[in-house]
Amino acid sequence: MTKMRELTFREAVVEALDIALERDPKVFLLGEDIGYYGGLFQATQGLMQKYGEDRVMDSPISESAILGAGIGSAIVGMHPIVEIMNIDFLPVCMDQLVNQAAKMHYMFGGQMKIPLVIRTTCGAGRGGAAHHAQATHAAFMHFPGIKIVIPGTPHDVKGLLFTAIEDENPVLFIEDKMMYNLKGEVPEGYYTVPFGKAAIRHEGKDITIVATMRMIHKALTVANEMEKEGIGIEVIDPRTLCPLDKETILHSFKKTGKMIIVDEGNRVGNFGSEVASIIAEEAVEYIQAPILKVTAPHVPVPYSPILEKEFYIPNEDGIRKAIHKVMEYA
Amino acid sequence: MKYPKSMLLEMLKKMMEIRYFEEKVVDQYARGAVPGLAHLYIGEEAVAVGACMNLTDEDYITSTHRGHGHCIAKGGDLKPMMAELFGKRTGYCKGKGGSMHIAAFDKGIIGAMGIVGSGGPIAVGAALGIKKQNLDRVVICFFGDGASNEGATHEAMNFASLHKVPVIFVCENNLYGISVAQHRHQAIKDIAIRAAGYAMPGVVVDGMDVLAVYEAVKEAVKRAKSGKGPTLIECKTYRFRGHHEGDPNLGLRYRTKDEIEEWKKRCPILCFKEKLIKEKIAKKKEIDQIEEDVKRRVEEAFVYAMQSPFPKPEQALEDLFA
Amino acid sequence: MTKMRELTFREAVVEALDIALERDPKVFLLGEDIGYYGGLFQATQGLMQKYGEDRVMDSPISESAILGAGIGSAIVGMHPIVEIMNIDFLPVCMDQLVNQAAKMHYMFGGQMKIPLVIRTTCGAGRGGAAHHAQATHAAFMHFPGIKIVIPGTPHDVKGLLFTAIEDENPVLFIEDKMMYNLKGEVPEGYYTVPFGKAAIRHEGKDITIVATMRMIHKALTVANEMEKEGIGIEVIDPRTLCPLDKETILHSFKKTGKMIIVDEGNRVGNFGSEVASIIAEEAVEYIQAPILKVTAPHVPVPYSPILEKEFYIPNEDGIRKAIHKVMEYA
Amino acid sequence: MKYPKSMLLEMLKKMMEIRYFEEKVVDQYARGAVPGLAHLYIGEEAVAVGACMNLTDEDYITSTHRGHGHCIAKGGDLKPMMAELFGKRTGYCKGKGGSMHIAAFDKGIIGAMGIVGSGGPIAVGAALGIKKQNLDRVVICFFGDGASNEGATHEAMNFASLHKVPVIFVCENNLYGISVAQHRHQAIKDIAIRAAGYAMPGVVVDGMDVLAVYEAVKEAVKRAKSGKGPTLIECKTYRFRGHHEGDPNLGLRYRTKDEIEEWKKRCPILCFKEKLIKEKIAKKKEIDQIEEDVKRRVEEAFVYAMQSPFPKPEQALEDLFA
């Protein structure tokens, strides 16, 4: 079998957006600096030049207007893909997201569809500090009505983006900015990766690790190491937080009885808390060891590289420690 | 008058529909029969009716917590509206929305938003969608004097004017945001002045005069449809009742009885009725006939609502996603 | 012992604010309709008349300005108590809360204090529907830097409010609007109830129930019933979500081995998920039964009384069912 | 000139401090030595310096992502600033804030906010606090043309004007919000026009002329301190470098080389230097001396930063709460 071509995560995003714009005249992009600049992270590079300013629209720095423009135009028949540059900025327009986009279908009794994709980026590691490096995806899970996508590979980011565009609901699509340069195999053309279907990135029978976005790859590094030591780690990438593939997670857990969640969000109210709660409710009789979370500590993102890279961002070492701890219960 | 009689009578009828619909709500609320909050439009009918008379079912509006008037003026059916207020399954939103969240998408009513100011960006979005699809439509965004101080309103206006999308911002300046008088929530007198900050026209009209509102919005619709962008129209008006039913003494904690009485003299329905009679456009009998007809239909809507079933409890789980 | 005087929850709030205004000239109130109107829920009634418009300030409908006014004035030496009428409106000004108030102390290396109290209300039951009846307190737990207070009795709301005012950090103070008419004993004068110290509202040895705000009282009703059936329910009121009194919760759980969390928030990302996660991490060996959450379903708040009161809001019946379920593991 | 020489030379010195401080950052950034984002103020020095020359340490400012200039102009010490940029424990924020979040509370620098527009409400709050305590102080809120479209900015201005708090909104209109030119983000030419929407004065000044800025802000400070409320001052200016270091070719993806060159001719430091010499206020030698002194102090700051220790990793857990 010939190897598939490789693209970076960023290139996969650009390609997906390119194809989406090409396929459907109702699709348009709107966001800050997505035009001439090509996106702060270059994830819309060249698209304005190709499709013109009407289909790739630079926006004023007015995030509520950006989301509202997305919601309103979606309701009247367009397929907007809007961008909020950093997830840190979503609190500025949170009402449009959690009160309007998320609730309109329900509170109006299902009268209208809102096929809106909201792309944003998350993650620390570039010295962005408290306002440009958060990973707050878990907070949005508490608000019913938004689908939440957290792609973990170049392959997935493209396929999930198509699924997001096909979806007739508001979708919060979160790109981990520290993965933009990550390379991986990406099929040509159009394909979809379904929502609510987790991927098992590494099989193992001893411990289940549910890891999100960039953390998947850290977990995989450790899983490969551990394999040599004879410890089998099953690494699960949930791909979407809403809908969440509880079945795959529970199925794996019932096999291993041990669970570690690795997620860059702050510790309290972390996605891992939700996973732990699902297990404690639905698979309690299988629990063999403490369910551990490897997360950022519960503080804002600090600037200094020593604080950020050596302490704040969850790393392989933290994963190893957690593994050793749960293995004490073997 | 230069207007066709049928249109004038239609305006009168719509205003009466709003008035009698809401008087039913007053009555039912007082009996404890309305299960949620109700913010009434009584006194402000000329604004919604004058504005929406320029629209067709194809055009859109966004509405507010004080939305019954907008909804009726835009063609909303009294029966599913009333049913919605009573939380019935036959309501416009299957009983999920209630008074503050009525939408009637087939009539172009995108919906009422309970968060003050949040309709602005969405209205602008709908207008953007119209523009992108080259449709011959407009959007009216209703909002209050209080809402004019929300950040979202500012962003919406800037965006709309920049992209010259076909939206009309109709500000219902009823002088209060709940209990806070306009001079206690902003240093300006005319909200329309803010239009200059977005390079769009801003006009002030008498919001108690349905024809004045009609004319101003007509101009704005023309402008919007010709690609020239948005207009801000400030309608000076007044709510005759409290902020919501239950606001004690119709709001006498923060305004005077005299003020209320002064404004009541300018009742948009009474004045318009008198005008039509005085200018011999319609006879009193004809108008009484319309009035009776409206009352009857409101009563029918009420009976419809009463006889309609509630949703089943588990239906709370439906409609989360499309 | 003579019985203490009783006040409603609302009266306790008014009294606390009154005393706070009296004691400290740096304290002032700012919010929508807190003046002439006396607060939408009458929780500031009479205070403007007593202290004047400078100390009890009605605000424009500009929530970001309200929070900013609180933050800025706190930094330069005032003790603002601001009000955001409903927790549903916090998304409108979320940035000022979670990015500014919460992070300024940390990101500026501890240079300034922000003694700011943000009062708000939550809860369904009055037909408020999707935009006026939420209970989203759990979402704020994910953002480090804000203390979160959820009083459960008239006694506590007064004492916790004083503690909030004494605190030199931003405090989100959430009043369950369905408790305003609840009566209870309230001491006269000034007293504080500490943060981070849960209250055991009912002792029991069989099941631990952690319940929040109004749900405490529903849990107590059931606990009293169950007592007669011979089932001992320990009802814990955490009082503050941040800091959270993990010790009291864990201590009780280690005794009972069974946990139910009752909270009006939506189901996913619920406060109960965090509690479950704490147990699964720190007391796994004591787990005897599934950890159940009795919460609102994961949908927006519906309007119709049938949907809202008979289905959406967690009730005694749901608590009983959960109890019976965990008792199967006895 | 009507100004004391010492003040004029102080202005020049401050502008130079900003310039050389940031040129050091350019150099270090190019070497990959700066651990985070850096948005440079080069070209805009006259705004911060002209404005802050009206303030004392008792007055306050709020700053933005492009904050080095504000900080230096308001009296920030170069050493802890530079240390902060390098994430050192001796930095103003112990290395926790970095370039986008410098505060120096003892100098009245409330802090730089990385969220565009979020400084407005906080500045207004500080001004409210001043008013409540009857202090003879003012607050300057710096913000950009891009930030003028944020909802928070609107709310801040409305609130400030309503309560006549002593705040001055200094808009640094450098014609771009990152890559988006002003005419592509708003339909107006002069942002100052928006002041009318809040019933406060709005003025446009040449932001490349430190004395023009000084005069406008002086007037506004007087107004603010006399209880008359806020002023909006729009300073037309230009950034000579890219949006942040790393923006390729100084931003040639969205602006022309010619445009940049035209503005560079109006360099606030060069022009002011020439003016001082031409008007015989200072000799070239004297100015060179100042320049050398500034360079030396920047170098010292750099050495200080380099020699300072990093925080310990666990210190990430400190400072969450007071």
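Note that the chains are named A, B, C and D in the order they appear, and that numbering of residues resets to 1 at the start of each chain.
Throughout what follows, a residue touches a chain if its C-beta (ideal position, glycine included) is under 8 Å from a C-beta of that chain, and two chains touch if they have at least 3 such contacts.
Please read all numbers here as calculations on a predicted model, not as lab measurements.
*Asks:* Can you list every chain in contact with both chain A and chain C?
*Replies:* In this structure, the chains that contact chain C and also chain A are B, D.
*Asks:* So, what's the distance in Å between the C-alpha centres of chain D and chain C?
*Replies:* About 41 Å separates the centre of chain C from that of chain D.
*Asks:* In angstrom, rounded to a whole number, how far apart do the mean CA points of chain A and chain D lie?
*Replies:* Comparing mean C-alpha positions, chain D is 36 Å from chain A.
*Asks:* From the C-alpha centre of chain B to that of chain D, how far is it in Å?
*Replies:* Using C-alpha averages as centres, the distance is 45 Å.
*Asks:* Which residues does chain B have that touch at least 2 chains other than itself?
*Replies:* 93, 95-97, 101, 113, 115, 118, 149-152, 155, 158, 162, 184-186, 319-320, in rising order.
*Asks:* Find every residue in chain A that makes contact with two or more other chains and list them.
*Replies:* 59-60, 62-65, 88-89, 92, 95, 99, 106-107, 129-131, 144-145, 298-300, 302-303
*Asks:* Chain touch graph shape: choose line, ring, star, complete or other and state it.
*Replies:* complete
*Asks:* Which of the residues in chain D end up touching chain C in this complex?
*Replies:* Against chain C, the touching part of chain D is residues 60, 91-97, 101, 103-105, 110-111, 113, 115, 118, 120-130, 132-133, 139, 151-152, 155-156, 158-159, 162, 318-322.
*Asks:* Would you tell me which residues of chain A are touching chain C in their complex?
*Replies:* Contacts found on chain A: 88-89, 91-92, 94-95, 97-99, 102-103, 106-107, 129-131, 136, 138-139, 141-145, 242, 244, 265-266, 268-270, 272-274, 276-277, 279-282, 284, 287, 289-293, 298-300, 302-303.
*Asks:* Using the touch rule from the top, collect the residues of chain A that touch chain B in their complex.
*Replies:* Listed in rising order, the residues of chain A that touch chain B are 28, 54, 59-60, 62-65, 67-78, 80, 95-96, 99-100, 104-114, 144-145, 147, 168-169.
*Asks:* Over in the complex, which chain D residues touch chain A? Could you list them?
*Replies:* Residues in contact with chain A: 34-37, 84, 87-88, 93, 95-98, 100-101, 113-118, 146-147, 149-152, 177-180, 184-186, 253-254, 310-317, 319-320.
*Asks:* Applying the document's contact rule, which stretches of chain A touch chain D when the two form their complex?
*Replies:* For chain A paired with chain D, touching residues are 32-33, 35-38, 40, 58-65, 88-89, 92, 126-132, 297-300, 302-308, 310-312.
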